[in-house]
Amino acid sequence: MLKAKIAELMHEPGCATNQAKSEGERKKGCGKSLTPGAAAGGCAFDGAKIALQPITDVVHLVHGPIACEGNSWDGRNSWSSGSDLYRKGFTTDLTNLDIIAGGEKKLYKAIKQAIAKHNPPAVFVYQTCVGSLIGDDVDAVCRAATERLGTPVIPVNSPGFVGSKNLGNRLGGEALFEHVIGTVEPDDAGPCDINILGEYNVAGELDQFRPLLARLGIRLRASITGDARYREVAACHTARANMVLCSQALVTLARKMKEKWGIPYFEGSFYGISDTSDALRNIARMLIERGADPSLSDRTEALIAEEEAKAWARLEPYKARLAGRKVLLYTGGVKSWSVIQALQEVGMEVVGSSVRKATEADKSKALERLGGDEEKLADAITPRDMYAMFKDGKADMMLSGGRSQFVALKARTPWIDINQERHHGYAAYDGMVALVREIDLSINSPIWAQVRAPAPWENS
Amino acid sequence: MLKAKIAELMHEPGCATNQAKSEGERKKGCGKSLTPGAAAGGCAFDGAKIALQPITDVVHLVHGPIACEGNSWDGRNSWSSGSDLYRKGFTTDLTNLDIIAGGEKKLYKAIKQAIAKHNPPAVFVYQTCVGSLIGDDVDAVCRAATERLGTPVIPVNSPGFVGSKNLGNRLGGEALFEHVIGTVEPDDAGPCDINILGEYNVAGELDQFRPLLARLGIRLRASITGDARYREVAACHTARANMVLCSQALVTLARKMKEKWGIPYFEGSFYGISDTSDALRNIARMLIERGADPSLSDRTEALIAEEEAKAWARLEPYKARLAGRKVLLYTGGVKSWSVIQALQEVGMEVVGSSVRKATEADKSKALERLGGDEEKLADAITPRDMYAMFKDGKADMMLSGGRSQFVALKARTPWIDINQERHHGYAAYDGMVALVREIDLSINSPIWAQVRAPAPWENS
Amino acid sequence: MPQSAENIKDHISLFSEPEYKELLAQKKANYECRPSDEKVNEQLEYSKSWEYREKNFARKQAVINPHKACQPLGAVFAAAGFEETLPYVHGSQGCAAYFRSHLARHFKEASACVSDSMTEDAAVFGGLNNLVEGLLNAKHLYKPKMIAVSTTCMAEVIGDDLSAFIATAKEKEAVPTDFPVPFAHTPSFVGSHVVGYDNMIKGIFNYFWDREKGEVKPGKSNGKINIIPGFDGYAVANNRELKRYLDTMGVDYTLVGDVSEVFDTPTDGTFRMYDGGTKLDDVRDAINAKATIGLQHYCSDKTLEYVASKGQATASLNYPMGVSGTDAMLMKISELSGKAIPEAIEKERGRLVDAIADSQGWTHGKKAAVFGDPDFVLSMASFLLELGIEPTHCLCTNAGKEWEAQMKALLAASPFGADCQVWAGKDLWHLRSLLFTEPTDMIIGSSYGKYLEKDTGIPLIRLTFPVFDRHHHHRFPTMGYQGALRTLVEILDRIFEVADASSDISYDLTR
Amino acid sequence: MPQSAENIKDHISLFSEPEYKELLAQKKANYECRPSDEKVNEQLEYSKSWEYREKNFARKQAVINPHKACQPLGAVFAAAGFEETLPYVHGSQGCAAYFRSHLARHFKEASACVSDSMTEDAAVFGGLNNLVEGLLNAKHLYKPKMIAVSTTCMAEVIGDDLSAFIATAKEKEAVPTDFPVPFAHTPSFVGSHVVGYDNMIKGIFNYFWDREKGEVKPGKSNGKINIIPGFDGYAVANNRELKRYLDTMGVDYTLVGDVSEVFDTPTDGTFRMYDGGTKLDDVRDAINAKATIGLQHYCSDKTLEYVASKGQATASLNYPMGVSGTDAMLMKISELSGKAIPEAIEKERGRLVDAIADSQGWTHGKKAAVFGDPDFVLSMASFLLELGIEPTHCLCTNAGKEWEAQMKALLAASPFGADCQVWAGKDLWHLRSLLFTEPTDMIIGSSYGKYLEKDTGIPLIRLTFPVFDRHHHHRFPTMGYQGALRTLVEILDRIFEVADASSDISYDLTR
């Protein structure tokens, strides 16, 4: 069953790229097999956890050996404005004996204890490699627990070995679709309710566009799943439109919500000024199509005009200092293309973008923004090659995640974090200004002159 | 004039010891000349500053070179429950030019600026060696400033070279008598008002007995000068009795207050249980003699009985652990005798008490408490000799001030601070328990075994 | 609007702005369908009670906030300490990504580690193909001198046989026959990273001593002492400190698994895929040493047993920290090497003792909770007792009965140990209950303790792996007399900070 | 009652008890005859304004919270750094008591220093008798090898002539004729402790080079470099770090005035009235050195002039801290000694640069206020610029125009120095105004800054003398690359603490 689901997820018909493919190509799917022996990213379990853990008020229980939770416990700067239950690491800590005897009973008891202690609105149970290999039926245990304990217990069947982090994101969405969304009926559904899919509130980015929506009278019914509460997500089928941010991750969920509840969706981004404006326009358009007051359109344009003018004024002083500076983007997914435009808007040149964890759709968007230059699309780059790029001056700075930062820094190259450990939000107009400020602070920091100079006695 | 004052202060007729002396001995005075070339304590300026700086709401301005203030600035843990103006270091910073041209004008301007900025109820101006040697007339400047600026400006004529810290304490008291006390007339003088002289609220000790007085309906009109406010001190001539705590320091002030305002006084101590009880009894007796309700006596006895019982109960567990332990007291003044009894009360043996900065009266009290053993009265002890005492096991621990602590610690001997840098109050019943607890923690700390053992390979 | 370009607020202050406060409050009130604040608070207060503590300790099936990592993390760390060695994980790629993140976040250095990305197919048919292809690719891409293979749960559950697989891979010429590929089976569901460390060091010895050229017999003594530091987040500085001691004593040694250069490479314009590490020839020669010392008992149990089976003298210590911990190490080294402890080191000891005495007034009678790996907790508790601090709660998720007994003996030997409690196999959610019901003056542990600090208000002192939220701490030693001095200062600084922060009246200049 | 034996509260929590709060409130309301709270607050708020700042800076006659000590303190510190030398102050005894307290509170070690207790009589008749008697007693009581005499204001105002007095004392056999009694006139009302340090080192050179046996001519070079560290609260560790560098480079040297053992004696059962210090014979021989380097320009100005007058090469640096500060020192030593800087040191440099790069995201764009002695402020500011931190306010009570110009040149050379302001001769009450009107992210200075921290809420980082309220900090270096790393960590720790303390939502595990 899981296999079938995976095949389906990897052949997403909702994806624009897939729709353009031949039958044969479609069959291969957009998943990509990994190279044994090369450094790789996270697994499907990691991906599912990333996609769901931002739901802040539930218990996230990992059914596996200690390390799956021990290693992943609160490793992302995904913020909450309320409960911090999500930051606690729950696990069944499967050991030798469980592997022989099976872990289903242990899992059931752990669920029971977690509910007794924390009284959460729901429990999410994550399957892992070990739980899966020893044949524990997580779906069945969760079903039994839900019935007997009266609290929804959601199985997330995404053991690490089934594939990449990206696949895990999708399996996480699948769990929401099957077990959560539509289980609560709100009494206040309105014509301006939307959901945002694939936004995890890393460094509080949600709150860089939530106020913009609020000013337009648009209500964020649920963010899936940054800073979310369980019951918000459960009731989000009443929204009038969905915006998919990290399309590779949750576009399948959006498609299924459209099929089941008729909610239209579009793929967009809040990185960069024009992308932000486009996103707001699209939201307004879709809401109006579904019955919102047509004045929303004018109000949206007014807000865009005001905010863009402000943002450009703020960015002006940076332009001269950043023009022509060469950036290597080493990230993945939506950021492999969405950030390109943001950087180009202040006159920077993107010399390469890694599309490691990106879908074909992501890749084609990135390619378009890079002027069709295929050479600029990089796959994984080994540390040695990356170091050479910086040493040879092919890039002036890198934007990436924490694991690769030290290669740039060793090569005395400015770096800023745009992945999950970042401490600044970069979304929407304010975030764009923040991003540019961080880039400026970093690339123009006087430390680089210092750091790049060899010991002065080496010169003499 | 200063000389005459010093002579008078050093022949204090109010002092019990002096009264018993022959004419010839009295002439020599109770001051003691210092040994050039030997380590010595603070100077008269230091003493005056110690005595007056605890008045928390005034500006204390030092007329001298930078270092007199720079070195003494806030070096004592004398606490305030309100203003912290007293913690700021004001100085005229006399430099080369001033020494040639004279510093009186600079002083006047500094006073003016201080008043304009901080609007204090008064300014205390401290004379120093340099100010005095270049002939600046601090008295005249202060008089002029008081007249023209409308804020009392009090001269404290106690340059360092005139003598010891003890003398400085007295000169500080003199300044209060001449310029402060009696200048404000309160409208609420009552039959149970007292002053405490010679208490500087180090580590908040004032608040270890102030609540006891409050429970007996006795009002502390002024503490001279711990945690004092200027106007409290100025109005304190209306009190019905004075208790002198640090007798060597302020007994002259007490005598003069008796002569001028008829306020009886007694010398007492709040260190130790019986001394605390005696002090309370004496206060009650004197107040009754001056018209307080005679029931005060019974109430006092009831409070004493209750508090003593409580304190003894608290001390009980420590007795067995401290019995027979040998203490060296290396302090001075009132503490050279008052603490002895406190220690003896829990069964400790005082093997020596330094009477460096003590008056003859202090010495005789110490001698009495040490069973008349003159050998136990020590003068200054050189570090080498002190170290030998500990090494030879003549003492198990030392109670002293910060400067000598390191000799004890080098000799791997427990030590606690009972001078101005201490962080625990040791006054009255609660303070006694705190003192004994600190002693116990220190002397019975397991670290000493560790610290005393040589490197283990030295044994093998 | 919340942000303005003239004054861009970072996240730390942004959410205190009034518009955000209102926004979040509204969201809470209208959208979250949550229980009332009152109820939430009631529940929160209850979770601090003795009653809850008892329930919490009755918990058997769920582990909440465990403080341990898995075997392969320890194996990867151990493997990283050898000359140009690539740590390789046979199993899911996600695990390897975690290990790299974990080590990079702590050491602020890139961490090399690859996996052979086993997938569902491998789960059915076994991971042989992945291993063969993986070794080939890894050697080609990263050009190591040695590849050290450990396993994830997945490979263990399906029962892959590394010894046979590696032999096959060599037959298939994935790597040359004489290319070192030591291995260790490191199932995550048994033991923890300290066991994985032990397994990998043993695996590496075993490769050079028994498998590279068949069984090697010890030859003429090379006069050296082998030292196995164990899993240690402060290894960068501690290994250097160890070498300084050994050099000062004139002892010839091999530090087995030396990561001090690996996780502290300079930024000087040279690319280093690998740096430092124990020379492979030294490992080959280590069989001829006089003796092998493990500095962390729980990290080298099996390795020492194996070394002893070769007829070599062995000794096992517990993280040499504090006065007596360092004494014990120096004396053991002195005994086994025959070299005296020089006066210079004794003077350092005297200075540490001096510092302890100077500060005793501030340490005595304080209470601490300690958590971390078994050797660390043991040694930290011992040092605290030397300072007159009571280690009130000693908690170790990855320890068992042996450790518990050892801890209890330590505490029983000190007058300050009487009220101390030992918690083997408990997690940080247990510790939370302990801290609410029996509070201490400080918590000593890793960055994961910051949530305890926030909940309980008790200051955290970071002194063990992982330290993710402070930089460069691992560049200063915790072992030896200097390390103890630094540890003492860390403790005192927090004590003084609390004194300053909580006192208005006694805000003293001199302490 | 406030206290109970079962639970004795220390002062830190005691005054938060309700009975005390009430008591103190009543006292305030009824007895203190003080202005209303409103008025007090109004005044307080006013004292934080720009208007007040302007008035404050117009202040000419009064100095409030000066951050400098007097010449004799510097002289006493300098004298302490020589073999079995007793610092001796000719003047009031109170001053000597201050010096002892000051040094003991900082170093947590006993500090030897005597005075000859001049009194009013001496003020009239001169202090000759005190000096004669004092030298006799001091030699007898404390058995030093050398007595180094400085003066207090008093002796200076009455014009005592030390040279003549000491000659007389020797004639009167207070001490033997060949007993070293160097001296320095150190009036407090001129300069500060850094000048006193300079005067005393010069006085000691002068004694051995010109007075002990008449004028000595430099002989054959002994191949050494003399190094004068200057007044430095971190000398205990810094001097050791310097020696480590010099030993690694193979440079033969004399550290002139080495207090590293003096103020860090071990507790090992031996009594040391004196320990360590520069050997007197080395001082005699120092005239034959290749060159003399002063590590703190403002602490060795006159001494270097004197050394140069003997025909020796000299060089003057500013507290070698940070990357470029340490570079400059090593290159100067290398140049003057002819020894190369070895690779091991270059690797340390690379590691420091690595750490700076790792943490740049947290340091860049931060603002700092720095106060302290002239060389420290200069060098600290330079290091901050290297970190991308703006030293917004650089304040030095005991500095003048030369320093101001040097600071401004430093700031002008960096893009991050543009908005920085230099304040020579100002005090900490000026700094308070600066911090309220133009706040920074941190204050770097001494323990005296704690009142600024309390007033302004800006965290204080203690990195210069005096540090009275923390223990053992001076046992870790601030100079050199290791010292810079430690300084960086101190700064980062406070940045992270602020981030943790002020953020609820972004309380992140990884930073």
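Note that the chains take the letters A, B, C and D in the order they are written out, and that residue 1 is the start of every chain.
The criterion applied here is as follows: a contact is a pair of C-beta atoms (placed from the backbone, for glycine too) under 8 Å apart; a residue touches a chain by one contact, two chains touch by 3 or more.
Protein names from UniProt, one per chain: A, B = Nitrogenase iron-molybdenum cofactor biosynthesis protein NifE; C, D = Nitrogenase molybdenum-iron protein beta chain.
These numbers come from a predicted model, not from an experiment.
S.K.: Would you say B-C or B-D is joined by more C-beta pairs in contact?
M.R.: Looking at contacts between chains, B-D has the larger number.
S.K.: Taking each chain's centre as its mean C-alpha position, how far apart are chain A and chain C in Å?
M.R.: Roughly 31 Å separates the two chain centres.
S.K.: Can you give the whole-Å distance between the Cα centres of chain B and chain C?
M.R.: Result: the chain centres lie 53 Å from each other.
S.K.: Can you give the whole-Å distance between the Cα centres of chain A and chain B?
M.R.: The separation of the two C-alpha centroids amounts to 68 Å.
S.K.: Residues of chain B that contact two or more other chains, please.
M.R.: 75, 79, 81, 203-204, 402, 406, 409-410, 412, 421, 423, 451, 455
S.K.: Residues of chain D touching 2+ other chains?
M.R.: In chain D, residues 11, 15, 105, 108, 265, 267-268, 346, 349, 353-354, 357-358, 448, 451, 505-506, 508-511 touch at least two other chains, as defined above.
S.K.: Using the touch rule from the top of the page, what pairs of chains touch, sorted by label?
M.R.: Inter-chain contacts occur between A-C, A-D, B-C, B-D, C-D.
S.K.: For a test of understanding, state which residues of chain B touch chain C in their complex under the given definition.
M.R.: 74-75, 77, 79-81, 203-204, 402, 406, 409-410, 412, 414-417, 421, 423, 438, 441-442, 444-447, 450-451, 455-458, 460
S.K.: Any idea which chain C residues touch chain D in the complex?
M.R.: Within the complex, chain C touches chain D at residues 11-13, 15-16, 105, 108, 264-268, 346-351, 353-355, 357-359, 362, 447-448, 450-451, 454, 468-473, 475-476, 485-486, 488-489, 492-493, 496, 498-500, 502-511.
S.K.: Touching chain A in the complex: which residues of chain D?
M.R.: Against chain A, chain D makes touches at 323-324, 327, 330-331, 334, 341, 346, 349, 353-354, 356-358, 360-361, 363-365, 385-388, 414-416, 505-506, 508-511.
S.K.: In the complex, go through chain B and note every residue touching chain D.
M.R.: 3, 33-46, 57, 61, 64-73, 75, 79, 81-83, 87-96, 98-99, 106-107, 109-110, 112-114, 116-117, 119, 121, 128-130, 133-134, 160-165, 184, 203-204, 207-208, 210-211, 214, 221, 229, 231-232, 235, 310-311, 313-315, 382-384, 387-388, 391, 402-404, 406-407, 409-412, 421, 423-425, 430, 433-434, 437, 451, 454-455
S.K.: How about chain D: which of its residues touch chain B in the complex?
M.R.: Contacts found on chain D: 1-6, 8, 10-11, 14-15, 19-20, 23-24, 27-28, 31-34, 43, 47, 55-56, 59-73, 88, 91-102, 104-105, 108-120, 122-123, 130-131, 133-139, 141-142, 152-154, 157-158, 187-190, 192, 265, 267-269, 271-273, 429, 448, 451.
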